[in-house]
Structures are given as C-alpha cells and as structure tokens.
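Two complexes follow with chain A in common, the first pairing it with chain B and the second with chain C.
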Partner chain A sequence: MTTITKLPDPVAGGSKHPQRGKNPRPGRGRRLGDLRIALLFILPAMVGFVAFFLIPTIRGIYLSFTEYSVLGDPTWIGTKNYTAIFADELFWNAMAVTVQYVGLNIGFQTVIALGLALLMHRVAKSTLIRGVLLLPFLVANVIVALLWFWMLDYQIGIVNEIINWFGLPRIAFFGSEQWAIPTIAGVNVWRHMGYTALLIFAGLQSIPSHVYEVASLDGASQTRTFWSITMPLLRPVLVLVLVVTVIGSFQVFDTVAVTTGGGPINASRVIQMYIYQKAFGESDFGYASALSVILFVILALVAFIQMKFLKGNESDLD
Partner chain B sequence: MTTSALSRKTPGSNPASKPARQGVHKKPFNWRRAGAWTLVVVAIIVTVAPFLWMLRTALSSNASLASNASNLLPADFSLGAFKRVLGLQTPEEAIAEGGSGAAINFWLYLRNSIIFASVTTAGQVFFSAMAAYAFSRLRWPGRNVVFGLFLATMMVPPIFTALPNFLMIKNLGLLNTFAGLALPFLFMTPFAIFFLRQFFLSMSREVEEAAMLDGAKHLRIFFQIVLPNAAAPLATLALLTFIGQWNEYFWPLLVGQDESVRVLTVGLGVFKSQSPQGAPDWSGLMAATLIAALPVLLLFIAFGKRVVNSIGFSGIK
Partner chain C sequence: MKKTLGAVAAAAAIALSLSACGGSAPAAEAKGEINYWLWDANQLPAYQQCADDFTKANPDIKVKITQRGWDDYWTTLTNGFVAGTAPDVFTNHLSKYPEYAAKKQLLSLDDAVAKDGIKLDSYTKGLPELWVGQDGKRYGLPKDWDTVGLFYNKAMTDSAGLTAEQMANLDWNPQDGGSYEKAIAHLTVDKNGARGDEAGFDKNNVAVYGLGLAGGGSGQGQTEWSFLTATTGWTHTDQNPWGTKFNYDDPRFQETIAWWAGLIEKGYMPKLETTVGASLADNFGAGKAAINTTGDWLIGQYQSYKGVETAFAPTPKGPEGKRASMFNGLADSVWAGSKNPAAAVKWVEYLGSTACQDVVAKKAVVFPALTSSSEIAAKAFADKGTDVSAFTTHVKDGTTFLFPIADKAAKVDGIMKPAMDAVLAGKKPASSLTEANNQVNALFK
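Here is the complex of A and B:
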C-alpha cells in the first residue's frame, strides 16, 4: 500500500522548490538556524530511520559476507555466499520463475490498466466507477489469494465449473507446474489493474486539453491522436508507473506463500520465497542476506535502465 | 453509476473531483461509445463478481458446496460459516456443516489486527508530521542532506531490511510481542514524510508568521496551526496507512507467529492449511476473509473518494 504515491517524487519535488526561498525567516542569518527545535521535531523519525532503515541496510550488506545461522555469531567468509549463489541451480530457477512472473504480470497489467485509464478518462468519468475498480487493491493480498484459490479450485471452483460447462478439460491452476506462475500473475493482475489504471489516469489528466483541441481542429483521427499525442505525452507517467509496478512485482511473496508455497516442486518459488525459505526454513541468514543484496541490486538496475532508456524524467511537453 | 455523456474537450480541467457536467451534446447512437461502455461494464463485473462469489460461498453450507458447485445462489443457505468463524458454533455443529471443528481465535486475531494497525498508523502519521514540519518549516544545517537520505530509503526493498530487523527484534527479546510487531512501522516511513512535507510546503504561511510575530513557539504553531490546517491530508495519509497496515502480511508472519499476537492476515493463512479431513472448509474460509476485509471495505465506502483522489493527487502534481 505504501507504494501508492511513491510515484510523484521526481515530478512533485522539482515543482515545489521555488517556494522554499520565498519566505526568508528571521532566524535565517544565524548559522545553526532552528537546529535545536528541529532536533526535537525530527528525533522520533530519526530514531526510526537509523534503527530500522539505516542500520539494517548496513547490517544486511555485512551479513551477506558471513555465515550466520542465528545461533552464535556471524563468521566472515568473504564472497563465498555470492560464489555459491552463482552456482546455485535453485537460485537461477528462482530468478527464471520471478522474471516469468514479472513479464506476465506487468505485460497484462499495463495493457489492461492503460485501456481502463483511457475509459476512465474518456467514457466512464464517475468517481464511483474508479472507486469500484480500485476495490481489489484495498483488500489484503492474503484475502485475494485465498478468494482465487477457492474460485480456481480443481474440483469445485467456479472457474473450472465454467470451463467444464464449455466442455473443456479442467485446469489445475495452482497445482500444475506450467499453470502456477501464470495463475499467480493473473490473480495479481486482477488485484492491481484498477490501481495501476488510476495512476495512468492521473497522468492522462495532466495532458492539457488544448493539445487535443488543436489535434481535433487539424482533423486527426482518434487512433492518430492516441499514438501521436496521448502516448508521447503520457510517457513520463507511464515510465514511472512501470518502475513502481516492476519493482513491486519482483517482490511478489504473499500470494505465493498463501497458495502454492513455492510449488509444485520449484515451479513458483519466486526469489523472495527463496530468501524466506533460506532464512527461516534453513536458518541460513548469511546466504539469505546475500540473495537479498542481489535482489536489491537487480531492482536498482531495473529502475535505472527503465528511467534511462524510456527517458522517464523528460516530458515531451516542454 | 452516473453515466455522463461528456464532450471530451474538458479532460483534466477538474482533476480533483467529479467530472464537469457542462458541454453535454446530444449525439446520435454511437457504436464506438457503446463498445467502450461494454468494456467498462465487463471491467466492473470482473472486479465485483469475485466478491459476490465470496459472499455466496460464505452463506452456503460447506457440506453442500460440492454438489452445487455452479449454482449462483448460496448452496443450502446457512449462517453457519459466520457462526463457526466467530466461535458461536459448537464443534459438533461445525463438523456437521463441513467445518473442521477446530477452534480459531478469530476475535483474538481481529483484536490484534486492530491494535497493530491503529497503533502503527497513529505513531507513523504523527511522527512523520513532526519530521515533515522540520523539513518544511525549520531551517537547519544538513536539512536537505538528511531529507535526501530519508528519500533514498524508499528504494530499499522491504525484504532487504526485514532480515536484519528480524534479528534485531529477536535479540531484543521482542519476538511475539506487539512492540516487536509495531516498532519498525511506528516512527516513520519515507513515504509518509515526503507526502506530508509536500503538503506543508504548499500551505500558506501567513497565519504561522503572524503567530510567530506574536511570540508563539514552534511547538504551539505545529499543534495549533499546522496540524489543524493539514487535517485533510493527514486523514488521507492515515487512511492509506491504516489500510496498508491492516493488510500487512510479511512482517507479522516473521515476528508474530504466536497466537497471542497473530494478526488476521497471518491467521487466515493458518486457517487455510487447517483442514484435517481433507476437504477444506471453504464457506468458513470465505466467511473469515469477508469479515477480515470488512473494516477496509467500510472505510472505503465512507472515505472512498479521498482514497481515489489521493492516488490521482500524486500523478497530477
């Protein structure tokens, strides 16, 4: 949930800056300014930041170079965890499974959400409709997972009943190796499509109407307008949406944990599931930390590449 | 459902609330429009139908589900599932209806979820507001550096800090306590601080400056002027935080396994795997998920507009 409005910082941060210098306050001259009172105001947040973000980040990196089974102290083993990981078939399997998941999830989700956003923008403009479409996102992952686990049940799930009614063979959605990941991806597309659509919708609203007016005066068709105006102007928002959703998608866990637990065999053991099992199943915190460092690096790279190649921070409007 | 046929010349003119109602042109029947509306209706059905199926299953008798798998109405209508979940059914009755007979402490999990979500929400919003005040209204050396550091942590994936945090909570002897559950969420999230700072920066400072000239101190200005003036964004943030905390699964799974502090999301996961006679208690499970989702659904019905528009807010600004 907290990912919700993570989105705006590059956009919003910039536009707010000018205001900062506007009101020079009486205390500006003194070098320390309001330092003492500021310390008081920032103290609780600082405690939280240092104790639960900063130190854990440093400690996580440190632990990744150690062998640590929680009993006793961590022993420094250099890069052994990393070399072991690169030779670890289960790791590569987890990466492959995760990438497959992200591809399916993001592919379908983005296309559907873009369609929904256009509908919200052009046709169904009521807030009520937007609210209804947002509903699945507000319900816990666990609940959504359980609901679909029931609806997709092999024997008596309604979806298989419908499939059966059409005379097609039943599908073991969560129980078969080839269906597990597409199914989990589909469930999360259902949960996130309305939310993603709202993010894109907000971007559509920021396109000034005069651009459309000019296009329609020039006699541009709807399709033409979409590809030559909407898409290019929407690009910065679309890139941000992609960065946020891809990063979130890589960290899929709840749905997997509640439905398949990583199975059947290794078919849905995504990377975060693998980290969880290493740490809490096998008490191998060093190895698990090294895995999460790798995940962290991958996410940073993904974000960087997306911003770079899709030029997310430049708008075609200017 | 308001079906307003609008000219599409006013996109974005009124981003915050309802679409503007002016410019309604009577148009002849338009196939394109009909197609678009069909898609909207399909999207709404796809979104809502699973929730109705959840309700239908919860109102069914579990033993009859298998033989009425495709009947759209509840199979052998019964409130048994809800009674079972809420502990109002004897084990014999429960087994007769296809339940497991094992007691689940639903009320306890519900209480735990309420404590966990409200304590973390209150702490996070309040402390983040204080920090946001320091970042937007006070001048002190290193302010922008510290703010940048806070923002940078938004990039760190939760799993990355979860392992060391778990170890720390364990070392402090706080596993399976509310303190252990709540602490990492209690003080701040970079997002909350960022969200409020943006609002504080956009708020007019005239009243504050006048109060300052009258000799009011920062603490008074914060409590008596800034907080009341920021009531709307604070409420939005609190709502978003509460929903997020209510739905949190990973952290409580790590540190709150014990019955006494187990929250609903974790409890539901356990409930699912708790089916001794093979056939799961689907109606019980759906009744439980329905009740677990209820607080969020009620909040959404009451304040939905705020949530919907807050998501828009981000992208527009």
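Here is the complex of A and C:
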C-alpha cells in the first residue's frame, strides 16, 4: 500500500523518479486446478471474440491479397493491392487528412476534457452539472453530426445566421476545403469531451488527497501542484485515455459519411471513408481489405508506442 | 390464424427456395409474396396503386413495396445480393445495371418477353435497347424516361423583362454563352438591386443568382452540363452503350466546363462550397436562384413551393442551332436470386404494361415508358395547368442522346467527382480534366 515515505518528492518532479523493482510475480504453476473454471468464465467472451474479431480479421487479411467484388469468388493476386496502395495518391491524401483530423481532434479534446475534469473535481460537485457534461455523448454520433450539419449550414444554419447578424461573411463550414476537417474535428470534440472528461475525472479521484495536503504544507503553488503532482499521478489514466481516443479518432467515419461524404474534392476523405468508398461504392473489397490491414498495423503501432514511451502500464503511486 | 398463415407461407417459401436451388424447373406457380424496391418517394403512391391492382387480379401474389432514398438504395441492394435478402424486383438505373448484369445478379427477361408476347416497340423509341446487356440479353423492362429542362422563377423573369418566349428560345455557345448567359446575367441581382449585367454589380454580395448550382455533376453531368456539352457534338464515350474510352480530354468538353465554372467567378452562380448539404430545389424555392437546370422528375417538387411560380423552358440551343438533353430511362429488373421468379417476372410485366403505366401517368409525376401512357401523362400535367412541352420537345424533335452506359461506372465516378469539383471550386483549370481522363481510361486497359 501507498505510504508517505514511498511517494516521490514533489519538488524533484514526480516523473523523473527512479524505477522501482516490480513485485515478484506469483509462481506460474500456482493452482493449475483453476484453469478449467477460468476457461469456463472466459468462454462467453471468447466466443464473441473469435466469431466477431478473430475470424473476420483473419479473413480480412486473406481478402487483402485477393481481388474480390463480393458477388463472386475472391481471386488470389498476391501483394498487388499493397503495391497499388503505395502508388495511390488518394491513399496518401487520406492518410494526411486523417492525421490532420486526429491531431485537431485529440489535441483539443484532451485539453478541454482535462480542464473539464479539473472543474468537475474541484468546483462543480453537483451531480446534475457533471451529468450535463456527459449529455452530448449520450446522443448517437450520426444524430450529432446531422444536428451540427444543419446548424452550420451555409444558407439556413443558425450559426451562419448569427455570423451574418454580426456583419461577418458566412462560412461554408462543411463546404470549403480549409474548414471541412476542422469542423468535423470540432463536432466530435463537442460530443466526446464530456465522456473523456469523465474518464480523467475518475483518474483524478484516485489520487490520494493527502498528497495535496503535503504539497500545500510545503507551500507549493497551484500551478506547481498541478504539474508536479496531478499530471504525473494522472499519467496512467491519461495514457489509457489517449490510447483509446487516438484509436477511436483514427476510425472517424460516421460524421464524415453523413456530412461531407469525403468532399469537397478530397479534403475530408479520411481513411475509413476511403475504405468504405472502395468497398461499398466501387465493389473493390480486396483493395479495401488491404487498406484496412494497413490501418490495423498503424493503429497497433500507435498503441504500442504510446504504451511503451508514456509508460502507461506503470503507476507512480506504487 | 395469422400465425398459421405465416407458417404456411414460410413453408411455401422454403419449398420454393428448394426448387429454385435445384436450378432445374422454374417454380411452376406464380404465387407468394414478392418484394419490390424503389427510391423515389414521389412515385410511391402510384406504384402502391399498381401493386393493389395487381394483387386484385392475381390474388395469390402479394407485393411488398419498400422505398429507400437514393443514397442508401444501392449499398443496401448490393448487401442484399450477398446476403440473399435482395428484393425480387427493383427499380434499376442505367449507371448500375451493367455491373449487376456482369456479376450475374439479374435475371434475363428474354424468355418472358418472347413467351408473353410483350411488344417492345410500344415503348418510347430508344428505351428498350438501353436494357440489353453486353451479352445481348435483356435485363429490364422500361418503366419511365426523363429529360432535362430549365426551371425558372416566373416572377423573376417577369420583373427582368424576359418573356416566356424569350426563355424558350435561348441560345448558347462556349465562347460568350450567347443569350443564355445574357439571361442568367440579367436575372442575377446583388444586395443593392444591381443586376449582373449592370455597372456597379457587386459579385461578392449576390442576393439572387441567375443560375443555381447542384454540384460538379461528376462524370455524367446529367442535369448540370451534359445538355450543353452535347450541343457541341461531344459525347461522353467513344461509343454508347458499352464505351471503353472516355472523352473528358476533348477541348469541346473542357471549353464548356470552363465557361460553366466561369459563371461562379462572374458571380452569376453560387460557389461550389455553398452547395454542400444544400438542396438546389430548396434554394430555388427560397428565391435564391432564378433558373435551375434539372430533370422532369422534379416538376412536382418545384411546383410545391408556396408563393413561387415555376415555369419550364427547354434547354438552350447550341452552336449548331440544336438543343440536346440526356435521355435517361429507368427499368424494373428481377434479381437472379429471387426465390419466386415466376411471380417476380409477372410483376415486372405488369409494371411495364399499360394497366400500371397509365396509373402512374395519371398521377402526373413522371413520363412512363410506354408511348401511349406517356401521352396520358402529358395530358395529366396539362390538366394540372403544367406545360411540359419543354421536356417532351426533345423526344418529339429527336434531340435526345442516351445516358452513357459503361462498365465500371462507380470507379469512373470515383475519379471524376473530385476532378470536376476541383475545376468548379477554381482549384484547377479545366485542362486538368485531361489527367482525370487518363486515369479513367486506364481503368479499361
């Protein structure tokens, strides 16, 4: 259990404290008799995992090496899809657009959510207000997208009416190449920030209050406390939140599909939209599978890097 | 009682599917329930009427109609083909059927046409041939046709001093736009009331655009630009149907597009970015545009706007003094995987018969494919006080050209939509379409 003496010196900066040895893991042969009962408990989740994740993934990887139009049988064409993808300008465009989206989405979402979480933790203690923050997340993605699509409409949207009322030129939020991705990112920040804040808020609550007491006894300022205590101790939760939101962000699709459909020109053709277009629009399921496999690899790498370098699986509270 | 009926129906369906799987004899009896899909909600009442009449005449067959919006229609249909849940009969489009036929998803109707003695020459000329695939087999019976025209706001042309006769006799050329551009310019009005062809016109603060914009028109430009490009003698492909070489690199095409996109720069047409999420028709209804170029299937919608009197004029005459309009025709097709092909074919024949097409005609929403029914529709429109000669004149004068039917339409669209949008948005010159054309033609190598 945590003791005061084991805590890192807040002045020295918590994140730089030396690594401590991990507790020795219990022996491997411990109670093999539990295995059967464990398997029994895992079974329901396992069935779902195999049927809905493992088999489709393996089949997807197989299809990525084929030419397949759904109607008819796949024909094996080796790595042709992959070589074509690397020469495909639209693929690189889609990647650039997606990265731009993820950057804007995660950047704003994390900062705003952290701010909201701190407010929830320190100021807004009423359950009602905390609940209200979560409201946008309770509305389905497509509904949120359509709602904003109408509110931001060039001609009849209320936002442009207000802009116009101030005597400023109307903005084609979804129609112009510069605005399309920032607008879509903004819509999704609005929807997800409450939920992300809730996750971070849970992390904040797990930081023991006596750490703050010690800090204030030592005369640490609010800012100093935030950077030297809150942030380092929040890190495991933040990393988890980042891993989950970054992966989710890379998979943006519904907001794009119901608003711009990838346009104007190619400005919002994010990778998932491109995959959908190739598969369901142009019946090129082999190519689309190859794109999906590439996205899968990228996401696995991103998650790995985040866990590895941000040390998300270790807590400074040990 | 209802339950037992359902069980019987299910058993019958299983029996039918078993016999269909056997692949030998077609289901001898035409009975049971068949599913029918269409995308145009405006036509749903007419076809529901047809279905009711059909069931009255054939009590053993029930038709269940499902209407789905255009955007969801095709993906749901493809998924249905794969999953085995596609409708027995569905409204088919010329840009989609070649792929379905090639993938063996459509039932050939030749036997039925021969056996039941369907007179193909009673359909409007040119329509039945559109539905014969590359393999020489028939995959649809024509249901209706459409042409393109100018839809204009009568009050606006009146105040601009343009008569209906002038509107019906506009001419156009890709250099200066002819009287067509003059009319568009004159109908454009800025916030201060200055017209587009007057001194002091502020193109950055336009209240009413002379010409509305739906979008870039992708590779076909059915209602956007094809009625102009065709008057220059340009064609989409080397041959139609089943062209394998596209002509987007032709100077005649690129000049036309450059002229059209130039209207935006002049302030006569809204910017492309403002069209995202907007409806061409609704903007017209809101008095934001004086002229829209669109298809006759929207006559009803344009007349439904309160306080707006919509009139119709034929598309302008081209450099050689002739008009042009794309001639698009829909048809009903039978899915090859239908568990009840006999009933499905019977329903398709009924849809293509005078009995049903007259019903559709009387609702005055579209022009049915049968020449006789088409005349009834024209009369039904006239009875409602609508002059549809702007649309029928193309058929009468033979100034229609057929919708470009080609394989890989979805891929062509995937290339041409962003390419056309880039030109309209002013990002790229019209000459950039040569590069897009190379990409399109590479698909067919």
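Before moving on, here are some points about what is shown:
We take it that the second predicted complex is superposed on the first by the 268 of 318 C-alpha atoms of A that agree within 3 Å, B and C clash if a C-alpha of one lies under 4 Å from a C-alpha of the other, contacts with A are read in each partner's own complex, and residues count from 1 in each chain.
Following the convention adopted for this analysis, a contact is a pair of C-beta atoms (placed from the backbone, for glycine too) under 8 Å apart; a residue touches a chain by one contact, two chains touch by 3 or more.
All values reported here derive from a predicted model rather than from experimental measurement.
By the touch criterion defined above, A:199 lies against chain B but remains apart from chain C after alignment on the C-alpha atoms of chain A.
Of the two partner chains, chain B and chain C are each touched by A:70.
Set against each other, chain B and chain C differ in how many residues of chain A they touch, and the higher count belongs to B. In the superposition on chain A, contact is made by A:281 with chain C only, not with chain B.
Legend: residue contacts after superposition of the two complexes on their common chain; A:33 is shown touching chain B, with no touch to chain C. In the superposition on chain A, contact is made by A:149 with both chain B and chain C. Within the superposed three-chain model, A:134 lies in touch with chain B and out of touch with chain C [touch as defined at top]. Shared-chain residue A:49: touches chain B; no touch with chain C.
The interface of chain A with chain B overlaps its interface with chain C at residues 70, 149-150, 153, 155, 280.
By the touch rule above, chain B contacts chain A in their complex via residues 1-4, 6, 8-13, 15, 17-19, 32-33, 36-37, 39-40, 43-44, 46-48, 50-51, 53-54, 57, 65-66, 69-70, 127-128, 130-131, 133-135, 138-141, 143, 146, 149-151, 153-161, 163-168, 170, 183-184, 186-195, 198, 201-202, 205, 209, 212, 217-219, 222, 240-241, 243-247, 249-250, 253-254, 265, 268-269, 272, 282, 285-286, 289, 292-293, 296-297, 300, 304-305, 307-317.
Those residues of chain A that touch chain C in the complex are listed here as 69-72, 149-150, 153-155, 172, 174-177, 259-260, 263-266, 277, 280-284.
Touching chain A in their complex are the following residues of chain C: 75, 78-79, 81-82, 99, 103-105, 271-278, 283, 286, 288, 410-411, 413-414, 417-418, 421-422, 425, 427. Touching chain B in their complex are the following residues of chain A: 1-2, 4-9, 11-12, 15-16, 19-20, 23, 25-28, 31-35, 37-39, 41-42, 44-49, 51-57, 59-60, 63, 70, 115-116, 119, 121-136, 138-143, 146-151, 153, 155-158, 161-162, 165, 190, 194-195, 198-199, 201-209, 212-213, 222, 237, 240, 247, 250-251, 253-254, 257-258, 272, 275-276, 279-280, 285, 288-289, 292-293, 295-296, 299-300, 303.
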